[in-house]
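Two complexes follow with subunit A in common, the first pairing it with subunit B and the second with subunit C.
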Partner chain A sequence: MDTSKAMDTLKAILADLGIPKESLHNDTLLHEDLQLDSTEIVEVALGLKRQLGISVKLEGRQDITLAQVCNRIEAVLLANSNSNHVT
Partner chain B sequence: MLPDGEWATEVKGLGIDIAPIPRIARLTERYDSETLNLLFTPGEIKRCQSSNHPHRSFAVCYATKEAVGKALGTGLAGIGWNEIEANLTQTTKEGKRENSIYLPPFPLPPFPFAIHLHGDASIQANRCGIQSWLATWCYWDEHVLVHVLAM
Partner chain C sequence: MERVSEQLPSAFNVAAYYLNSNLERGNSQKVAFFYQDDTYTYDQLSRFVQCTARSLLTLGLERENRIAILLPDSPELVFAFWGAIWLGAVPVPINTACSVDEIQYILQDSRAKILLATQEWQEKLTPIQSQFLEHILLKDGDNPFLSRLTQQPDEPFPCAETSRDEPAFWLYTSGSTGKPKGVIHLHQSMVVCAEHYAKATLGLQPDDITYSVAKVPFAYGLGNTLYMPMAVGAATVLSDATNAFDVISDIQRYQPTVFFGIPSIYANLLSVQDIAPLNVSSLRLCISAAEQLPESIWQKWRETYNREICEGIGTTEFLHIFLANRLGECKPGTSGRPVPGYDVRIVDENGILCPPGEIGDLLVSGESLMLGYWNRLQETRQTLYGNTMRTGDKYLCDADGYFKFKGRKDDLFKVNGQWVSPLEIEDILHQHPQILEVAVVPESNEGEQLTQVVAYVSLKPGQDSSPELETSICKFAKQRLPHFKAPKTVRFVEQLPRTATGKIHRKLIGKIQSLAVRTH
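Showing the complex of A and B:
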């Protein structure tokens, strides 16, 4: 999955939470800009799990942008892919 | 403020969280058990689904994870949600605890329950010198409140 597909999936999940698509950009911060609370962060993680089958950790001491979330998505997908090739 | 006494010096952490039941209910109804395993342990899902008040039980489990994260001093950074497990079934429907201490059939809140940690949550608790947990929950209107003490 490339970055744009990961971003499309993430934006669809956020839009499903009722966030206007026009407010979603690569440098948008989850907490500061979107004002997501902990339950909404959980919903994003559950959405990623259901749609992509991956577990992405979104909690942390620092706020993260949508682009950084996509980086984490790709890192998990890559790790999963590599582990699948190990017999 | 904690009362004076030896036990007060043993408190290693304190956490509290309030969760809105309808929002947690929305989560648990939208996703299947496999997806919910990211958030809840299989034991929590099984116990909550068989509870007389499944939505409330799921909300307590959810709030427990947040409260324990606060008591650990790290929040949930680096800890999986499903590494923190709440077991609300210490008290049976007949009002008896598993250890046979009698409780009234309809105990008044706050209700005690057990916490079990796994994986990185358990490691973090060991780092903090935490050996046990005291946990209670109560509810009002559409919210649950969970309060935990790490000892």
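Showing the complex of A and C:
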């Protein structure tokens, strides 16, 4: 999966939470800019699990941008792909 | 039972009582709390508290003066809270989730002379409107609070000879009008709660490590983290966790034995179990309070983790829990039975005791009851009589003596463990260009699920309801309110039911929906 597809999936999940699409950019912060609360963070993680089949932990202590979430998605996908190739 | 307060000397300083008793019991080198990679022993805690008292005195903080503490759970918050009480001053911890307007109001209302905060908060609050504030101390920046303390001589500093029934600290709680109310508690209050709940009900032990999702500025968090562990010489974790993933990593890291949660965090922990499994091996007790725990969550938690959740309920006015389920005797869906030392009863509108199974008003009597609300005589008079509080909750007591929550007398409700006033949300929604009338109510499917905020809306002439309009209204609210207060659902109605005096009849709203809802 390329970065743009991960970003599209993430933005779609956030839009479903009622976040206006025009406020979603690569450098948008989940807490500072979007004010996501603890339940919404869980909704995002569950959305990624449902749509991409991956487990991404979204700890809240360090605020992260949408681009950084996508980096985590790609890292998990890569790790999954490598482990699938191990025989 | 002999009253706890009467066993205390009349000259009594609760900070000195807890700190000195731990040193006298040989707990000097025992861990009092964990914070990130650091640990603080009871000896260090005692020294820092006395340095804090000395430092605050040099700034002109005198007995009975207030100091506002606007910090996440951290060593600085702990030192300032106990240091102020040691000095005979009055700490006022403020919830960092409050809005800037609410904090400005609290600073003004409390007349705090000193504010301890972070640089970030100082910037958000500037210009500070309170004319009473003389100093702002910062946790971070060029002259951080901890550095100030280490510059103080490390010598014993005598505590103020306060009285057991004089004000020790305030906590702010939401008011029905939207303005927070300062709840005044006494030096004896914390001891009462620790004896009755921590010791007699939970059986908290010196080798326990407590972990609380609720932060210190909440009455529930204050007990869980600050004074209940100290009352038995246990340890606690000062955590800056903001969501379920943080909590999971904290529990793995610190291995607490007692977990104080709230219903929404139990729901979230269960939701993410496939993504981030929780290691419960260290937990001997799981507690829930702050709002009603749905039975479905209780059952799922037990099936998943083989642990019961001991649900309880308390109020800021009583400082901590007065109804509790005990381990091995839990009845899910109820708030449990009275904690020793509290007289809990349900009465009808004439004040007559209700028989089992009948819904009535919950009245509670106990020694930890607040002195009153600061500068709110009318609300204090309405809430208290003698040692008794009219909680505003509707409850029933079943044949086994378990109390079950059945709603509120007023319009307030709780979401994510925090009070919500529908008026605040309605004020925002009234600004939506297509809304004529709106009423906000909680819905929980008879307590089967977590409380959801629902808006019943009638539209201006010529406007039609649609799923797109529902989405638009939800987004409108989310952009203007803390997200937990924004309605998750909008129901369109022709008109809202009203009382004979023309006020919106909220209690009828949920009941008339099937008759009046417009179809999309």
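Quick note on the criterion: the second predicted complex is superposed on the first by the 86 of 87 C-alpha atoms of A that agree within 3 Å, B and C clash if a C-alpha of one lies under 4 Å from a C-alpha of the other, contacts with A are read in each partner's own complex, and residues count from 1 in each chain.
Simple rule for what comes next: a residue touches a chain if its C-beta (ideal position, glycine included) is under 8 Å from a C-beta of that chain, and two chains touch if they have at least 3 such contacts.
The model shown is predicted, which means the values in this text are computed figures rather than measured ones.
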| item | value |
| --- | --- |
| Which superposed partner A:20 touches (first subunit B, second subunit C, both, neither) | second |
| First (subunit B), second (subunit C), both or neither touched by A:55 | both |
| Touching partner for A:35 - first (subunit B), second (subunit C), both, neither | second |
| Contacts of A:46 with subunit B and subunit C, given as first, second, both or neither | both |
| Interface residues of subunit A shared between complexes with subunit B and subunit C | 38-39, 42, 45-46, 49, 55, 57, 59-61 |
| Subunit A contact footprint on subunit B (complex, rising order) | 19-20, 23-24, 27, 30-32, 35-36, 38-39, 62, 66, 75-81 |
| Subunit B-touching residues of subunit A, taken from the complex the two chains share | 38-39, 42-43, 45-46, 49-50, 55, 57, 59-61 |
| Residue numbers on subunit C that touch subunit A, as the complex places them | 240-246, 249, 264-265, 267-268, 271-272, 274-276, 416, 471, 474-475, 478-479, 482-484, 486 |
| In the complex with subunit C, residue positions of subunit A that touch it | 18-20, 31, 35-42, 45-46, 49, 55-61 |
